[in-house]
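Before anything else, here is the set of structures, which you'll find just below.
Here come two complexes built around chain A, the first alongside chain B, the second alongside chain C.
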Partner chain A sequence: MTMQPASTDIAARAATVVAERRNLEGPLLPILHELQAEFGHVPQEALPVIAEALNLSKAEVHGVVTFYHDFRREPAGRHVIKLCRAEACQSMGGDAVAARLQELLGIGFHETAKDGSVTLDPVYCLGLCACAPAALVDGEPVGRLDEEALQAIAAEVRA
Partner chain B sequence: MTLTIYIPKDSGALALGAEKVAAAIGEELSRRRVKARIVRTGSRGLYWLEPMVEVMTEKGRIAYGPVKPSDVRSLFDAGFLRGDQHRLWLGKPEKIPFLARQTRLTFARCGIIDPLSIDDYATHGGLAGLRRAVSMPPSYIVDKVTESGLRGRGGAGFPTGIKWKTVMDAVDDRKYIVCNADEGDSATFADRMIMEGDPFVLIEGMAIAGIAVGATKGYVYIRSEYPHAVATMNAAIGIARNAGVLGVSVLGSPNAFDIEVRVGAGAYVCGEETSLLNSLEGKRGVVRAKPPLPAIKGLFGKPTVVNNVISLASVPVILDKGANFYKEFGMGRSRGTIPIQIAGNVKHGGLFEAAFGMTLGEIVEGVGGGTATGRPVKAVQVGGPLGAYFPPALFDTPFDYEAFAAKDGLIGHAGITVFDDTADMLKQARFAMEFCAIESCGKCTPCRIGSTRGVETIDRIGAGIEREKNLALVADLCNTMKFGSLCALGGFTPYPVMSAINHFPEDFAPKPVAMEAAE
Partner chain C sequence: MGLIHEIDYGTPASKAEKQVTLTVDGFTVTVPEGTSIMRASMEAGIQIPKLCATDMVDAFGSCRLCLVEIEGRAGTPSSCTTPVAPGMVVKTQTNRLKDIRRGVMELYISDHPLDCLTCAANGDCELQDMAGAVGLRDVRYGYEGDNHVFAKDRADGAENFRWMAKDESNPYFTYDPSKCIVCSRCVRACEEVQGTFALTIEGRGFESRVSPGMHQLFLDSECVSCGACVQACPTATLTEKSVIEIGQPEHSVVTTCAYCGVGCSFKAEMRGDELVRMVPWKDGKANRGHSCVKGRFAYGYATHKERILNPMVREKITDPWREVTWDEAFAHVAKEFRRIQYQYGKGSIGGITSSRCTNEETYLVQKLIRQGFGNNNVDTCARVCHSPTGYGLGQTYGTSAGTQDFDSVEESDVIMVIGANPSAAHPVFASRMKKRIRQGAKLIVLDPRRTESVTSVHAKADYHLALKPGTNVAVVTALAHVIVTEGLFDEAFIRERCDWSEFEDWAAFVADPQHSPEAVEKISGVPAETIRGAARLYATGGNGAIYYGLGVTEHSQGSTTVMAIANLAMATGNIGRRGVGVNPLRGQNNVQGSCDMGSFPHELPGYRHISGDAVRDIYEALWGVKLDNEPGLRIPNMLDAAVEGTFKGIYIQGEDILQSDPDTHHVSAGLAAMECVVVHDLFLNETANYAHVFLPGSTFLEKDGTFTNAERRINRVRKVMAPKNGLADWEVTQKLAQAMGLSWNYTHPSQVMDEIAMTTPSFQKVSYDLLDEMGSVQWPCNEKAPEGTPIMHVGGFVRGKGKFIRTEYVATDEKTGPRFPLLLTTGRILSQYNVGAQTRRTDNVVWHAEDVLEIHPHDAEQRGVRDGDWVRLKSRAGETTLRAEITDRVSPGVVYTTFHHPDTQANVVTTDFSDWATNCPEYKVTAVQVSPSNGPSEWQEEYEELSKRSRRIEGHMEAAE
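Our next item is the complex of A and B:
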């Protein structure tokens, strides 16, 4: 179990991340991606640091964080499943797959299991449309999801 | 001759177990003490045969697929290293009808070469276009692209050469090339395949664009849902820099050009060019009103070429083989080839690059082989979530920008999703509205509010509440969205909705009362 970093640590780390990227053109998204990669979400404590360094208002930074589906306000589970909900996957029984996966994991979309093992997110297209239904499990693509594959995923994230 | 085995590393192949197959082949090689070179390629795009493994033999490359890890031992036993027969033997890949029927210009190397070997790239015709470009006056490059008839492959179909000319003629201290790799439409994966399977062709296309319009900096904006494409593009850009393809002196010429990858953050609307530019600038991905066009005031207010991956990746072959060569393919005002992506409930799904002009029916039934489930085709959605649903009655429509527009549809990024007869078109129409509501950037009212009201109204139709009245309301709402929205998200959502209503009225009709089962 990782310990939650203290807010002063977050602010200090955020300052470094910002300093390393502030010379990029349009640095805000790369900064937010890096913070999320490090902390598993974009910590609230980082926002004033970013705002100050980029000469933005806190509201503007908040506005950007909340605009994009990817940026989390709270830490995700240890595993993240992104299940495709778009048309090509729908045409191959994607709705049933979605229902079954939620049942197997005991959570709904946009939810994290109570034990912190897994987060389930909907996505709209992974470019795996000729091997639907598809998902990304911790960033790795999985296609032609069937009962066996779903059981394997559920077992893996619970292990 | 060194023994060479080709195993794809394309996301689609990985999704079907290519990594485990590669590991099994590696183990079997060491168990048998056989030395071989394993090359990880992109995909040829025959996804029902993935993972498709190829072996270099005296007769050329021989393919086997779909290979499961459990097949590996029997493949070795059967002598697959010599190209011998096996249950999974497919012969020469280029003779497989799905590939033999294609005209591969943009995808000429995809699935064949090592995506990260610039020598492989150059050996297979790469960099020839850029070599020509550095020896030409910029306006000559722009003329070539204009003459080729190339139109934006991202969906809008705007002539690429005219866009380039606008940026070339604009006077400013900085200009940009932005590659739109935010391929968010369901059923599309051509951009992903190029970035994973032949990234140098995109780099070459962007460098040519930069030289043509006088831009020295390019950005590739890739969606975060494509982690493997991001990794491959980043690696390829580094290799291209070391090889002098990018940098202060492109191929030794006085032209400087460099590229940086930027990763999106899960917003579909950022595939819209002005929203993408805002996102690159670090802002909310909200759509900008046009004019000003991005060609005049684009990224950071500077003249900017925003082109789709496939548009840019088609430029090198045009420069290399000539505008006329490219223009010879196609029909009407749709010139050249288009990588059609056949997806969803289809037997032979994958990437099919062909000259414009094939009919939808030929593509779905002839090439795709009908549905994967074996049931009749009910509908195909062409052009992603903003594209119309076509019934088999319209399968004679030729694949051409204007022909699709005439049937109230669009070819978009040329993705086709096949649905069998179990599809419920009311549900699909509702999803189109729901998707628009989820992904709306919120700037304009028809899209932001119209989509939510659309979901509610379609739900009422589904529940049988004032059906006629609500159908009329949806039609009226679609009209408002079509003409009142700032961009294609709100503006094109009516395509799937209205086509579902118009072509499949039975799915919107009152549900028949269930008959009591006979004793």
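Our next item is the complex of A and C:
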């Protein structure tokens, strides 16, 4: 093995996470969730460890990880904003909200601010259509987004 | 001739017995229940447009092109995923369907390059075909906006982040993502057909792409280059590099692969006399349309620059070679052989038949020796691989061959693999076996190493008995102990098919506590509970099938282990029907055939002993000579006799005994002591370093004949190009026979087969006409079984009653001690074949450029050996050097290497211990010591020097290789 020390730590930790969950029915997703919770993303070094332990190919694990946008390939910012871009929100001025939020944060979708403060992701329907346009800020739903609300969000994540 | 196009039914055949009748476009069609509408329609001759469906893999329903309308059902279901129902009325072509299909095709083409004229798949592209089939005339969406087609935006030249460059890392095929329609046929072929799961679809939606491994290059991924994905790809996304270079083939010929004993059928696809590609033939009964990297791609050796095309002669082996005419060469050999016989006696010459050559060629070589040399000094390379199989199965069951066909594995419930690594050595069988395991069959592996066959993705072994090399008999007997003492044997079967008193004797023997798993654990290192678990599973898990390889036979007790295996199958009633049996995985393409053809010194064709007067009468009458009724010399005996000075001349067809036979020093001493060594081969192989005459050989592409695979299947080999050396191997042997005064006059190999059929009961009905008609046939093929015998011993054993034989474990004399504390065992890897004469001369070397020594971290640590270090590997017989690979695939105390490369010469180290019954060498156990080293050993350097000197050819600038 020619891995760097940090990678070895990740691999070792991944092995523990896998060992604790491998007997679950359908263990792959719970394992990926746990790794993401621990590292803030699913580290690439963990994939071969998972594959070997679950008797899957590396390709299969890669396929699953890349299928779900919520599994991150690198750590997100300290705050995560998920702005709804689905039909109901679009019909309530979502395009303008999206443009304004990107402007306020200085980043585009799927991007993280250079200072690591915030990550902006588009999502497709939060089920908050009655309060459109809507977003999730660090997991908390926020509805009826307007200029004031956007300013408040931007100020909060920049704080 | 033309190209052979197999019909693609779109989805696999259903095996249901119940029939269902439906109507497709007004035509009535009856198919087995569970058949898809797509397949039923194709059976009726109506091809429904499709892209993601192909009959090698299960239906997927993603391309939305194969939609149909069904009376009384809403919508337009996909015909590939909808099974037929009685009385169903299907319409495959309506205005609504036409509109939908055209719309779908428009979307596909809107993200696909329009470079058909310069595309490698032009003429062989299903996307092109479907565009034609649906009447696509216009693509309204244009190419602006998001696409995977162009590297740069066509308007502003900006990088297109969706575009991916072509992956040309695999030596044999390319992956061009810009042409991919994401039908996932490649992914499913890799999973369902090959069983490697090296491919996936990464991302989702428009971002979906085919990804080898974790977004890696094909070469860096888990891909084993079997070619199943390339075959499945409907576009130019995955394309053979040879097709890119040459263009599409224009005719094809069905023939048989010349690598391992699986005997896959291939279509050799040709343009003129140039081979464009080898594509597995779906009607091939051994491979069912699948292939491995060797048969599919590694044929480049046939045109390699080192191939020798002219006969050559020299006085002494230190002289350079002199090219001569064929006639001069034949006259020289005939004169020398006659001189030697006059001077040293009739028995002073002999020959070795080749397991790489056809049945017909092998038959002729043994005929030349028996009829022309007037002795029985004929042997074959099976001596060093499966001779114990012949002996062991002959003694217990009455035939020297496997009991099943490969299809049988589809009905096995428990598969026991002993001393074999099918994933590397018999890859196409491994794929079929793994498919069955993924369906729920259990797997037991007995192997000192944790091989790929133990750890396959989705097909992991349930039990791995990692025994110490050399303890096979003890462990297999311990399995029997459990079966007998726990009452798991099949008494009804034994009473009916075997001799009950022999069983009782054997049962008493194996029941002895010294054969218990607990006692054997101490010898073998396998935990007793693992042995018990495996035995219970095999005896009670349903249809139990045993497949074994050279890890069983190449031991001092090889024959004993074969008999122990035969006992296990008899005791549990696992013989004589589909899904069960005892099956040797034969190493070479025609090793079964070469044994069948009378290549052994004691046997005439069909395994009939030379001492039998009736058998000799047949050949004496036909050949017009008196045959010696005493067995001749085996290979090791020939070499011994040569060293003693009584054996002076040998004709070796297609075998490299110097590299493949054990104890290289002894082999070289024997060869060096001879006066006329004739090597008949494609290349100046290692044995040719000691040869006086070199007769250039022909490849399997250049001749007609038959190969017999591990399931006794006689497959046709068909000539697709003229021999580059001028003569097919059978013609060379014939001309040599004529030069020695024999009046042979065959004009085609079919006449040789007719002679074999006429004289050999088990081949009685075999003829080229029958083979052309049936595709292939499994011997025995005679009055009783005119269409051959897929399963042997149905209803009773060939020898009458099955014979139980006691199998006493006797430890090999090759023991570890303070000087040689480790046990070396040898094996193979996927990309190389045997001594590597062919595969080393192909691009397969990208996967395995040299032999390495696998050593456990604990043993490496003790010796200060690091990964990649040069190490010296030393045994009582000799020493060599190679690089170490540190891995826990091997247990502590065990080291492992392959023997594919002549500069390693693993057999310098192996000893001359051999099987007690058949002299099969004990390759699998050698006591060794491993120590750090600076580089090649003295022997390796001397040998390299000898090789260079010995390969000089007069008038050529430099020696080959």
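Convention: the second predicted complex is superposed on the first by the 154 of 159 C-alpha atoms of A that agree within 3 Å, B and C clash if a C-alpha of one lies under 4 Å from a C-alpha of the other, contacts with A are read in each partner's own complex, and residues count from 1 in each chain.
Here is the rule we use: contacts are C-beta pairs under 8 Å (C-beta built on N, C-alpha and C of every residue); 3 or more make two chains touch, one makes a residue touch a chain.
Note that the structure is predicted; figures quoted are calculated from it, not measured.
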| item | value |
| --- | --- |
| First, second, both or neither for A:Q44, with chain B first and chain C second | second |
| First, second, both or neither for A:G108, with chain B first and chain C second | neither |
| A:G63 touches, of chain B and chain C: first, second, both or neither? | both |
| Dominant toucher of chain A (residue count), chain B or chain C | B |
| First, second, both or neither for A:C131, with chain B first and chain C second | first |
| Touching partner for A:N55 - first (chain B), second (chain C), both, neither | second |
| Chain B and chain C contact sites that coincide on chain A, given as residue numbers | 63, 67, 69 |
| Chain A residues within the chain C interface of the complex | 44, 47, 55-63, 66-67, 69 |
| Complex contacts: residues of chain C adjacent to chain A | 196-204, 211-215, 221-222, 455, 457-458, 460 |
| List of chain B residues in touch with chain A within their complex | 11-12, 14-16, 47-48, 50, 183-189, 191-192, 224-228, 262-268, 279-286, 300, 341-346, 349-351, 372, 381, 384-385, 415, 417-420, 423, 428, 431, 435, 438-439, 441 |
| Residues of chain A defined as touching chain B within the complex | 25-30, 32-33, 54, 63-64, 67-71, 82, 86-92, 123-132, 134, 136, 139-144 |
